[in-house]
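All chains are identified by letter, namely A, B, C, D, E and F, in their written order; residue positions are counted from 1 within each chain.
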Amino acid sequence: MAKHRHESGKGVKSKGGEAPRRQAADDDTHITALGLEAAPPSDAMAAYFNKCEEKLGFVPNVLKAYAFDMAKLEGFVAMYNDLMLAPSGLSKLEREMIAVAVSSVNRCYYCLVAHGAAVRGLGQDPVLGELMAMNYRAAKLSPRERAMLDFAVKLTAEPWAVEEADRAALREAGFGARDIWDIAAVAGFFNMSNRVASATDMRPNPDYHGQAR
Amino acid sequence: MAKHRHESGKGVKSKGGEAPRRQAADDDTHITALGLEAAPPSDAMAAYFNKCEEKLGFVPNVLKAYAFDMAKLEGFVAMYNDLMLAPSGLSKLEREMIAVAVSSVNRCYYCLVAHGAAVRGLGQDPVLGELMAMNYRAAKLSPRERAMLDFAVKLTAEPWAVEEADRAALREAGFGARDIWDIAAVAGFFNMSNRVASATDMRPNPDYHGQAR
Amino acid sequence: MAKHRHESGKGVKSKGGEAPRRQAADDDTHITALGLEAAPPSDAMAAYFNKCEEKLGFVPNVLKAYAFDMAKLEGFVAMYNDLMLAPSGLSKLEREMIAVAVSSVNRCYYCLVAHGAAVRGLGQDPVLGELMAMNYRAAKLSPRERAMLDFAVKLTAEPWAVEEADRAALREAGFGARDIWDIAAVAGFFNMSNRVASATDMRPNPDYHGQAR
Amino acid sequence: MAKHRHESGKGVKSKGGEAPRRQAADDDTHITALGLEAAPPSDAMAAYFNKCEEKLGFVPNVLKAYAFDMAKLEGFVAMYNDLMLAPSGLSKLEREMIAVAVSSVNRCYYCLVAHGAAVRGLGQDPVLGELMAMNYRAAKLSPRERAMLDFAVKLTAEPWAVEEADRAALREAGFGARDIWDIAAVAGFFNMSNRVASATDMRPNPDYHGQAR
Amino acid sequence: MAKHRHESGKGVKSKGGEAPRRQAADDDTHITALGLEAAPPSDAMAAYFNKCEEKLGFVPNVLKAYAFDMAKLEGFVAMYNDLMLAPSGLSKLEREMIAVAVSSVNRCYYCLVAHGAAVRGLGQDPVLGELMAMNYRAAKLSPRERAMLDFAVKLTAEPWAVEEADRAALREAGFGARDIWDIAAVAGFFNMSNRVASATDMRPNPDYHGQAR
Amino acid sequence: MAKHRHESGKGVKSKGGEAPRRQAADDDTHITALGLEAAPPSDAMAAYFNKCEEKLGFVPNVLKAYAFDMAKLEGFVAMYNDLMLAPSGLSKLEREMIAVAVSSVNRCYYCLVAHGAAVRGLGQDPVLGELMAMNYRAAKLSPRERAMLDFAVKLTAEPWAVEEADRAALREAGFGARDIWDIAAVAGFFNMSNRVASATDMRPNPDYHGQAR
């Protein structure tokens, strides 16, 4: 991403001069629309934020959004890290693919940006992230990946209609009982996060946009 | 609830003899369709299950469903207890009303049964639980309650369309920034739980049905 | 249902004192929002209301709602009794199951309360009523019951898409031509009643709530 | 309508010879797909069918469809005639406009054909029938007509969302309590009839197509 | 159509006197709601309008609507004539059937009127036009026609879900690669035209209504 | 975009070794799934393709997809260039914003990729392209831009409900009659193109992905 230009973009002359330069499209005046003040960090969370800075170069805004209350932040971090990073029959890339396909149904800007970057990076395939965000049905997927995403997307769009036949399709694609739980839990988690982000107008760190393009 | 009859109901003669007695409608052969074996309980979780038995007379099936993995169970319990029981500008009843109204959109059998009972009990009004499960718009609600549920239900049904005007409606109904977070977080949480329950065919403890009628 | 408490509930102190007691959630100030005055009863209808009082202990509010015009009341009673009580290849319980599953799609408070009670009673299974109201797909049903409800629910949600294949599925489940008519007619009838009830804010008799729990 | 051509149309050579003549699009091999045999007519119904022949030149197929059971036929006729023909604050044309607008939402072929003809005839405006069947929002309507159809169509498409504000809009357009009942009852009735017709593949009498063009 | 009556209909006394005569339902005060002034016609377009007058007796209003800008009019005419009239594996009637079935999903008054007339005329079957406009699933269609319309309607209603299996169904019904393109292109074109017409309140020429009845 | 890696990506070892490298997600084995052979280019189109190569470095795949038939290709190019490049009250960027917001509703992979790149480039704001593709409601837009996109998106999602009030909102935002036509025409055009692309599995040139990041 042309990062520098973005930062100083307001007021720049337009290309070809056809119209005055529009304002930047992202909203960098807040992390959420609620303006909740950060609580004093617990030791664990202070250490975790430091680790984020070291590894990613920044603290993901979702963590700053939860930081007004340490109990909520610690609960979120614990659940997130278990779901997305702990050992599982699903690869980390598969879990991120679910995250983005679910966020696409819910059209969640924050999660599409942050987890789209993760898919691009983990998949070593920049186009895969675009496909998950735009329409996973257009991607060239293995039968296993397709079954996994069909389940996650149906569970997102019409959870009331998920039944034994849907679980059977996962089993036929090679997923075990524990894997089915993990697919459901990751899809469920992003159905939660998408809504917290949309409800609060949570804005993604600009750093994500240019990653792994 | 006519509990005893339910337990021994299979094979009982039909009323009026017009048709052979049908099987019981609930499925008490499993807690979820996945059949995951419980892991050895951590000390904290063993104590927590004991506390449930003492206070409720049973361990809610959702906890047994997560008990195949202590990290997942502890993460779920921590987040649930913080959201539903910790101090908040929302009363416990209000949080349970959100839980049921959200679960009604998603038609989640487990959550409607378990949290419908909570609304009946906390509200000291058996009919309130029915209304939240059936159609919250038919209930006689205060403007505050109505605004809260309108937000939670829109966030569930079309999260992509929630915008500043929706937050403004909550502020006008007297909710502060922290309260808006809590409404979003509770609504988000049940959008997660509804999907984990539906994906796994989670069955509610039969004890809920007769509570606070 | 804790009936007495409900009746005198307004103003009672809240449990645990966490918040002032909310108003009762049901609206017992009217039968419908239209306030139409009852017409002088015809002999037939006077006798029918007496029979209701004897058998049920009360006159269902839907009948009182229609009582502003004897021609309309008699037409409704004739059609209702023929559909729900006359001999049919469908048992009375099956007809009530259709009524509740249809009313669940339409989220009709009146019909879910009144016919949910009927399913609980006729089915001798309190949980069956809950399942029909919440999500019939979560119930343990016979193939016959499932086919019947799949047809009725599709006919409710997308009537334009019902075709020969849907009728064939009923025939395969053992239903004859006359039975198919009856399934369609009962589903159709509640698609009518749900809308009359929702349009007029019709309130169910409180007596239903506690029946057959 | 080019009636004669329709009747003998199968096998006729195509215009311009570009393709072999297709079969006729309507299905005149049955009245419904169920093939239920007519019951011996009651005296009242025999007289009613004669009256139809005299006044319309034919017996509407919906009546023949119900004629397998005199109790059902008589119940349907009584309710229909009361709703559509008895004195009401709504004109007959207004009631037929509701019938067609509701049937358009439900895409019911039978009712669109039969009641589209009624709107064309009663309205002395052939185009009005087309507009009700295609998209009532495109018609030049009085505020009263528009309010009436907005209510009927919302009640058809999302009955759960009809509330006091919707009734208030009717009152503001000049409708009284009894009129609101009639709008709801006519809209409700066609939500029933549309579904009985779609469920049974009921076919309209061909005579309707050419009426009042 | 009773054309003369329609033209002079405003203010005529109502049939049976039950209510004052309503205004005509169509809006003949404009071609579109935008009121764009016609540009000086190019030679080609002047000739084309003359040809329309000769062959149809009138210039279709959609052409008059585009006539504010000759480049736009010529582009529209070129694409339309290629799609609907040039040689293709689809007959002209089949292309018009797609036009109407697509316009029915989008409830486009202009296109349903104009292309409904075309189906009635080309099909030599007045009822076929009604069926395409009301619900193509109710028509007696060949397997080829049904497959073609199922594809066009799915492509209209949920384009994101069209996949290889949908193309395979067309191939199985005998369509080649070029035919599939033509089905997609005609369905696509009317998804465009429907929206231009609805966005501008485009009104059909009254002449269409009575054609080929 | 890491273009070289993408091209040779199949079979590369996975990052961190957690799973075997998946296939590339895009499908570069075809331009569309139909495999139509290119027709001999007309002089005009040969020149146009050369111009594309010069200015863009490649011929957009949509043009290659239409190249099986010169009449269709020339019609498409004429309409496209008039709509997107000819003088208009809408800037080129505004027209591309409509293109992407419409394609987002329809989840069209081809158009989101190709026109997302155009928005990033013309807007000199890489994030603006992401926002249009993900959820335009999350973007910081001028009232004019927001009104324009609200109209285009409603016209895409529910064209039957667009009425005078929607046009009035555009006028209030400063758009004239000719501008309203252009908004409708661009939105309509992409409702066509999205469907042709989805129907044929059209694949975007890989070059777009890395442009203007």
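As a working rule, a residue touches a chain if its C-beta (ideal position, glycine included) is under 8 Å from a C-beta of that chain, and two chains touch if they have at least 3 such contacts.
Treat the numbers as computed from the prediction; the structure is a model and nothing was measured.
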> Which chains are shared contacts of subunit C and subunit D?
Replying inline: B, E
> What is the set of chains touching both subunit C and subunit E?
Replying inline: A, D
> How many degrees of rotation carry the C-alpha atoms of subunit B onto those of subunit D, rounded to the nearest 5?
Replying inline: 120
> At the interface of subunit B with subunit C, does the proportion of residue numbers present on both copies reach over half, so same, or stay under half, so different?
Replying inline: same
> Which integer distance in Å separates the CA centroid of subunit A from that of subunit F?
Replying inline: 24
>> With centres defined as the mean C-alpha position, give me the subunit E-subunit F separation in Å.
In response: 26
> What is the distance in Å between the mean C-alpha positions of subunit A and subunit D?
Replying inline: 50
>> Measuring centre to centre with CA averages, how many angstrom lie between subunit B and subunit F?
In response: 44
>> Counting only residues that touch at least two other chains, what does the list for subunit E look like?
In response: 107-108, 135, 160, 163, 201
>> Residue numbers of subunit E touching subunit D in their complex, please.
In response: 1-2, 5-6, 9, 12, 14-15, 18-19, 21-27, 91-93, 104, 107-109, 112-113, 122-128, 130-131, 133-135, 138-142, 145, 201, 206, 209-210, 212-213
> Quick one: in the complex, what on subunit F touches subunit D?
Replying inline: 160-161, 163
> Once bound in the complex, which stretches of subunit E touch subunit F?
Replying inline: 33-36, 68, 71-72, 74-76, 78-79, 82, 86, 106-108, 151, 155-156, 159-160, 162-164, 166-167, 177-178, 180-181, 183-185, 187-189, 191-196, 198-201
>> Looking at the complex, which residues from subunit F come into contact with subunit B?
In response: 135, 137
